[in-house]
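Got some structures for you, see below.
You will see chain A twice below: alongside chain B first, and alongside chain C after that.
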Partner chain A sequence: MTQPVFIALQTTDTGRSIVDAIVADNPLAQAVEYPAMVKIDSPGRLVVKRGSVEERLGRRWDVQEIHLDLISLAGNIDETDEEFSLQWRKA
Partner chain B sequence: MQVDIKTSDIRPIRQTFSQVARRIGGDKPASRYQEATLNLQAETNFHYRPLWQPEFELYDKGRTAIVMADWYAFKDPRHYYYGAYTTARARQQEGADKQFEFAEKRNVLGSLEAATAESLRQVLVPLRHYEWGANMNNTYCAAYGWGTALTQACTFAAMDRLGIAQYISRIGLLLDGNVGSGLEAAKREWLEDPAWQGVRRVMENLFVTKDVFEVLLAQNLVFDGLVYPLVHRHYEQSIDLRAGQALAMLTTFISDWYDETSRWVDATVKTAADESAANKELLSQWYGAHRDEMVRALEPLATLALGTDTGASALHQVRGELDARAAKLGIKV
Partner chain C sequence: MTATTAARPAKRLGIKEKYALMTRGLGWDTTYQAMDDVFPYDKFEGIVIHDWDKWEDPFRLTMDSYWKYQGEKEKKLYAIIDAFQQNNAQFNIVDPRYINTVKLFLTGVTPLEYAAHRGFALAGRNFRGTGTRIACQMQSIDELRHAQTQFHTISHYNKYFQGLHDATYMHDRVWYLSVPKSYFEDAMTAGPFEFVTAISFSFEYVLTNLLFMPFMSGAAYNGDMATVTFGFSAQSDESRHMTLGLEVVKFLLEQDPANVPIVQKWVDKWFWRGYRLLALVSMMMDYMLPKRVMSWAEAWEMYFEKNGGALFEDLARYGIRMPKHYEVSIKEKHRLSHETWNVFNNYGHAAAFNVWMPRPEEMDWLSEKYPATFDKYYRPRFEWYAEQEQAGKRWFNNTLPMLCQVCQIPMFFTEPDDPTQICYRESSYHGMKMHFCSDGCKNVFDNEPEKYIQAWLPVHQIYQGNCFPEGTDPTVPGFNPLVEVLKYYHFQLGADGGEFNTSPDRANWEKWTGQDLSAAPQAKAA
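So, the complex of A and B:
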């Protein structure tokens, strides 16, 4: 069974755009709203793509900016200039 | 004693304003851009019609022949509302100020050859009057256009043009050692030099053009689409060979701004063209007429800036690029 990963983001103006982008790019992901926070669970893998976030924000967005809205996450991180992805690496 | 920390989930009664909710399909969180844009245009309860134009309401969709079912279909791809716009520009201004400070300290423009400095005075500095004209035209669109989605972006464009005029003036002042004689000479060029009279005539004709969308298209797509690449790309590149990038450093904001604003202009024109065949027809007609007239007006300026042969070929190339850009927006060229 694949282990689920998750990412929790603050519900800010930017945060909401990131959540929208994640939900659009990861068909299996499920967003759950908490007070001032959105937690997104996804089985196996979850990816945040720079292009999708930029489209929603209407400006350039550096993948590293995700840390401004990030609360918590679970999974091994893989970061490039283009995307930020989470998955559990096999030991 | 045991202390239990409980969390309680307090939900806001409403996620956004009802006029925004009606547009985005229900009560869900809206972005700042949406909240500062959608349905903000005043529509009813105007007591009087304007005395100078009794056939129109104070804010009236009829001030352009372009017909839109929904004037909020115009989306700014940059998502600029007051907050985002001022933050972005403040950051850019800080960068530009640093470059001017550096240029002043090292006297980078003062050490230019006399012929290069004179060329800048004749070709670049008079553009401050062009920028002021563009400010007037965008202000006109903001004042008489309909719908916040369109008019707020025009207001931002108008402010940007004043800023660019100021940067050009500062280049003029760097050239003449802060006495202002360069700016006065540039004004005489703009008013009297034959090379500038075509541009001035077209600009002044735009001041008395009544149709809001025609002014927007003519100024922001056609006129800028020819002047910016011609002067800020072709001419400045030719100067760079002699000025060693000094000028490019001072005009970074101008070229960055042009690339950024083109995204908005393209999105706006495309939205209008996609709306109906009638709009497309009208836009194509305006585009063709203004392009021909503006290319003619720019011929002597291109010669002044780049010499007869290079000037003509640069203008030809710029015109071709503009046609390709317009064709992508749905305009028949």
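So, the complex of A and C:
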């Protein structure tokens, strides 16, 4: 069984664009809305792509700007200039 | 300098290069003094580190970016707090009972943020690895920021509501606040590796989602914009802290097989310590939030059983298993909040927040969320309390409860397999009998008895006469020990605690907002 990773983001203006980008780039991701936040679960892996976020925001976006809207996460992180990903290693 | 070199700007560094240069690149090995003398505390716990350079902080955040993003978070936060205050937004809260969660948070959790600031400064000083030191340094600054923003935010509520006037003083003395205080001091008095395993991994990674996510989302749901804002501002740092926690544990496990049993023992201990602390959160979620986001049982299933389960499955390759006694937490999930609120409701006259019985529709919500337990074990008792209250016989318990030697919570938890029997455990140490609420707490004690026999247990201290204002004479006629203890706590008698329905907070709310709270249905008498 592939265990879920998750990310939770604030429903701020930027946060909404990040959520939209994640849902578009991760077909298996499931977003659930709570008051003031969205939690997205995804089996095994989840990726946030700079290009996809920028497309939705209509401006430049540094991957590390995710810190401003992030609430919580689970999974091993990898961070480059192009993307931010979460994953559990396959057994 | 020649014109040609000045005209050619250096290529912008990528995240990974920048991180390497600005963390490892800034560290050095001491030569005038031996490294072991400079870092004397990172070996005595038995943890073996072969190569500190194998440590990697997955968030490649360098100090310059850190200041930039933290500055931005602060500006956003204080702009919102300003607007909140200007617009009297405290009156937008859906129900004034809600404020009591903020009271418990400010007196119980905010001082822990300050303790964490101190703890991470100390841990950062004691690790010889550069990446680890920088992560601890950032976290130490984060935690100070959290303490400050929480005080700034909540100080506004202090102008309108009772019980918020002396949080740090209370934190060091009040009976239920000794629960979070002793938890953190237990961690701070351990070695640096145990400290980060306790706080960064067991608390931040495994358990903190249960504190911040439902509580801050709950604040939004209940119209408290101020708390949502400081809460999520703090939580945005928390993701970095959680990551530090996971990284610490993976690093220790990868460095040497001898570390595995040590880490497992810490995970067992700190899971249980943290879980017991969260009993306070369970009652906040199920009873103190007038509009509820999810039940404690649902939150435990989501964040511990599902997400925590995934984490421990990932760690299984190192030989780490689920924390000892985790199955008890699953057995308790349908009763934890009810048992806890029951006791706080009985001792509300000695607390710095108000208590109340759930209204009929709230009881129905509890029945729906806890079909196997609420109607059977708790509803009849709660309806009886409500009936007594309506008959003018509001009941409070005037005897002091026995406390668990380890978690310091009154011994009210029930047997894992029998919700009708209080769970008592005991150990003997040098002829003294020690009492515990659970196998989990007994296990913690038995591993380090010499630490826990020193616990400052509020009830013992009251009985020893150490919790009265200076100069109190207990021999004078009419001496009332409870009143004197509450004065010692700096509580305002008759204002800070007790029944919500007869509280100054309720009366003020009706006066200021024009709402008639008696129109809200009261708990029905059985």
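Basically, the second predicted complex is superposed on the first by the 89 of 91 C-alpha atoms of A that agree within 3 Å, B and C clash if a C-alpha of one lies under 4 Å from a C-alpha of the other, contacts with A are read in each partner's own complex, and residues count from 1 in each chain.
Going forward, contacts are C-beta pairs under 8 Å (C-beta built on N, C-alpha and C of every residue); 3 or more make two chains touch, one makes a residue touch a chain.
Since we're looking at a predicted model, the values are computed, not measured.
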Per-residue touch tally on chain A - higher for chain B or for chain C: C
Which of chain B and chain C A:Ile71 touches, first, second, both or neither: second
Touched partner set for A:Arg16, first chain B, second chain C, both or neither: first
First (chain B), second (chain C), both or neither touched by A:Pro35: both
Chain B versus chain C as contact partner of A:Phe6, first or second or both or neither: second
Contacts on chain A seen with chain B and repeated with chain C across the two complexes: 34-35
Complex contacts: residues of chain B adjacent to chain A: 7, 9-11, 29, 31-33, 76-80, 84, 88
For the chain A and chain C complex, residues of the former touching the latter: 3-6, 8, 10, 34-37, 39, 63-65, 67-74, 76-81, 88-89, 91
Touching residues on chain A, where the partner in the complex is chain B: 11, 13, 16-17, 34-35, 57-59
For the chain C and chain A complex, residues of the former touching the latter: 14-16, 58-61, 65, 69, 72-73, 76, 208-209, 212-213, 216-221, 228, 232, 235-236, 238-240, 242-243, 246, 293, 306-307, 309-311, 313-314, 316-317
